[in-house]
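Two complexes, one shared chain (chain A), two partners (chain B, chain C).
On to the complex of A and B.
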């Protein structure tokens, strides 16, 4: 047979994210300095960084593995309460952080087990129930969490046993966490692991037939996604200085989902953009409390109906030819 | 080395009150192309599903390449070197052909794998489609992608569920050519309704009828068997 010569590039490697990553890192590290004159704006930016981390973790599960757990906030809460408890009993924050994140990861694996049996919407519904139970757990075990009252006056951590970090220094820690989170996601997505997760998202039966351990990889996805949630939760507690069950309830989980869906699931930068646009919104709308919830509801409906692939997805669609939405199998299964 | 590649003993499968497979025995030797024919609903796809681990049989055993694979997961069976295609073509439609192939590999950066991919893609003449979403290709091209994804894994046995289903007569001829060359790369088990495919490729034919093995033998003998003609080939199904 004559070899086809028109296209010889058979490299199987994914394209790079170097330039957008460099831009993001510069902006992330410059923002705390630029906003250092205004503590409030710097604080909003810091919270946004935490949400970028959460959205990236959710993106790994929802965007790349095709699972939609609405319990990311609950997992973040498990980590936050663990870290606050440990630091209160004398632990260094920097030692408590990995322990808390690991607690979230292990919880994520256990609470993610229903995803092995339940598909799509049914798992999402189940995760919603899990999230609610976790929130109730935070209220019920008031000996550890101080119940509905919450835990206040959580100090910023110190570096090397000295004074607590300044606001600016901690802002930089948050920026670093967000940048590292995005880098980790890029590395995963470009690796064999990432390709296998995408295969599971697209068609888990076919993935299994190709020798991919679907159960194992779903568990790995939950471990890593929950780790993102846990690190974010651990960093969140001292930054806000106050945590309560409401800090990690179902609305927060929905909010993180919205950032991923609105920005564009299954793309690296979509959820980052989603977090940058939506995380500050709740601060801007703080005075219009009732309007805020209505606006979020409308936004959720708009995203589902008008832009199922999100901002980044809509942008990519224009570049790529004939790509149907993620939920629709490209080939009718039952067709002959 | 053991000459028997696939050995199925007394496999039965019921779906509720319907017996889809009733105690099927089957032996396939290494390098022997086995064709399976039978009317719609006779249990052919269920049979493949049981062997590939997608469906758990109610009773019976399956051993592949000298090891029992009864009750193991599809991914473990795939790793043992048994691969299959589906009746309705099944690729990762959203992903490009390149990404589809990469998914099938353990390490897409490995130079030997890349060489294997290039060689097989050239042979299948699908190289020029590498950057297209697999779902946007024609049915024939998607079938080629299916073969490519499996061949890069160097399978020992490839089970094809109606490989020419839905193809035009010109494409059927091309596919028969591809499949006869495929015999040099792995052992083939093929389900087909198109007798041309069976006649030209199969060394041995098994006829399935209502979950039971009706006949087994060389194609010339089976296709001339009066029972097979009466119950299957003479009907509208064939």
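On to the complex of A and C.
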């Protein structure tokens, strides 16, 4: 019963994305120009664009496929280190970017293999272990990654003429990446692929019986989701100019999860809003970075306890969600 | 020559025993909570460090004797657990698939505590060292061992033994185990399920705190130990079989020895890789664990 109605809801939501998409694209491309006077704010906006891309990739997996991987940051890190390594050995950034993104998505498929056997908490735990292994790997193989010190002074990508990309142009590239990412997500969700992923999310055994190749589609979801993570990671490294294992550790994965869950998983615009609201926080609170951790932790608890469907879904589903808590006192009392 | 090898062997064994018993304590704490209320407590490492840091404050800043400080720290965990249980954990007792909600919840607690530690203790010092419980050195063969560490080992083993006895023979322990096995049947037999839930949450956290303060008494520590401990305790719980106390003790001991041996010949990172690899294999091929209930 419920899966059917929810599927209808989502297909309705998938329609009529034209207006919000247009607004988002206008805002995304106008922001670098509006903020070009203040490099710091423009920089925060650029990082937010990368987080929108990451959140959209996570949303495809967590919101639409029903898997909760906590290793998105690790995948982004694989891509970032690949790109930095390749550009350091003389490659052009624009050639290294697809290679890095592809490295991330191939790793994503391999690391997503446990999802074929594990569901729910066990898969999430598994992905957390993988994230930890990847972070340890970044620290341990210090010949390639320079260990805990990280790699600094990463050169900016060059334009056609050979001079480095200006701040404004880089901001526009990031905006374009975020807009393209959201468009790709909308296209996927509207297509048969998206509907099949949603069917897998609702009940993967039933989806399998209906003739959907669950294994194949999960792998496709991992490929695309990791591609988002990889492109984001590749763009992140030269933009910040510094990467270290800390830039891609488990807390970052949790933050990306929080953006998706806080905004509203399984909706296109929820995670975008979540990223816009939460990504700048870490920069605005840079002086008090510990406050950011505490705030994010409180938000995680608030999302889990108060609004499991996030901002976008919170108001719609509140009535449905209020049913279970009523049962809580009944069981022990009945037990006595 | 062979004397030096003997010293290395003995020191590996003694470190393995101490680390193993502490790992076992923390993993038992995690597994009791997971087995009863289905809460995979990812914040266990932060609780562990919280206990260690509280012990540090009490002994170093306030000058309390370590033994009294240890008892106080374990005492502090009880109101803390009941508070957490009342505010957060209780809400999910009847939610299906609540383990994932609990997992994320405990990751949120982890992040809050990480921020608090970085803002407070992180500014004062990198390495924390507690005064020893007892002074003096005992020679085991050619190897000198601090009496303090032997005392910690004895305490950890006796807490484990007491916990076993409690779970196996005492009324409360039997109630907790009954709820482990079948909540509805236990409720029908007159077990107060909710009280047993909050009791096992408090008991599990008290054991984790005990592990933290004992670790702090035996070794110096820093704030990064928290995440390593969280992941290690999870690995032990998964490999031993979620909810299996015996499995947690055995695998915890094995991990302690592995850590000691691998750290002697290679590096602690390799040890971490090896557990995480073992955990992944178990997750993929035998998710119920080696000592499944």
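Definition applied: the second predicted complex is superposed on the first by the 299 of 336 C-alpha atoms of A that agree within 3 Å, B and C clash if a C-alpha of one lies under 4 Å from a C-alpha of the other, contacts with A are read in each partner's own complex, and residues count from 1 in each chain.
Throughout what follows, a contact is a pair of C-beta atoms (placed from the backbone, for glycine too) under 8 Å apart; a residue touches a chain by one contact, two chains touch by 3 or more.
Bear in mind the structure is a predicted one, so any value in this text is a computation, not a measurement.
K.L.:
Quick one: is A:22 in contact with chain B, with chain C, with both, or with neither? Answer first, second, both or neither.
P.N.:
So A:22 meets neither chain B nor chain C here.
K.L.:
Output check: A:110 vs chain B and chain C. Expected answer is one of first, second, both, neither. What do you get?
P.N.:
neither
K.L.:
What is the contact status of A:213 with respect to chain B (first) and chain C (second): first, second, both, or neither?
P.N.:
First partner only, chain B.
K.L.:
Name the contact category of A:140: first (chain B only), second (chain C only), both, or neither.
P.N.:
A:140: touches chain C, not chain B.
K.L.:
Which partner chains sit in contact with A:34 here, chain B, chain C, both or neither? Use first/second/both/neither.
P.N.:
neither
K.L.:
Between chain B and chain C, whom does A:300 touch in the aligned arrangement: first, second, both, or neither?
P.N.:
After superposing on A, A:300 lies in contact with chain C but is clear of chain B.
K.L.:
Please write out, lowest number first, the residues of chain A touched by both chain B and chain C across the two complexes.
P.N.:
324, 331-332, 334-336
K.L.:
Which residues, counting only chain A, touch chain C once they are in their complex?
P.N.:
Within the complex, chain A contacts chain C at residues 68, 114, 117-118, 120-122, 124-126, 128-130, 132-133, 136, 139-140, 250-251, 254, 257, 261, 289-294, 296-301, 304-305, 308, 324-325, 327-328, 331-332, 334-336.
K.L.:
Which chain A residues qualify as touching chain B in the complex?
P.N.:
1, 3-4, 6-13, 192, 195-196, 198-199, 202-203, 205-214, 320-324, 326, 329-336
K.L.:
Give every residue of chain C touching chain A within the complex, in rising order.
P.N.:
It is residues 40, 42, 88, 90-91, 93-95, 97, 99-101, 103-105, 107-116, 118-119, 122, 187-188, 191-194, 227, 231, 234-235, 238, 269, 272-273, 276-277, 279-280, 283-284, 287 of chain C that touch chain A.
K.L.:
State the interface residues of chain B toward chain A in the complex, per the touch definition above.
P.N.:
52, 54, 73-75, 78-79, 83-84, 86-95, 98-99, 101-109, 114, 117-118, 121-123, 125, 127-128, 130-136, 142, 149-150, 153, 165-166
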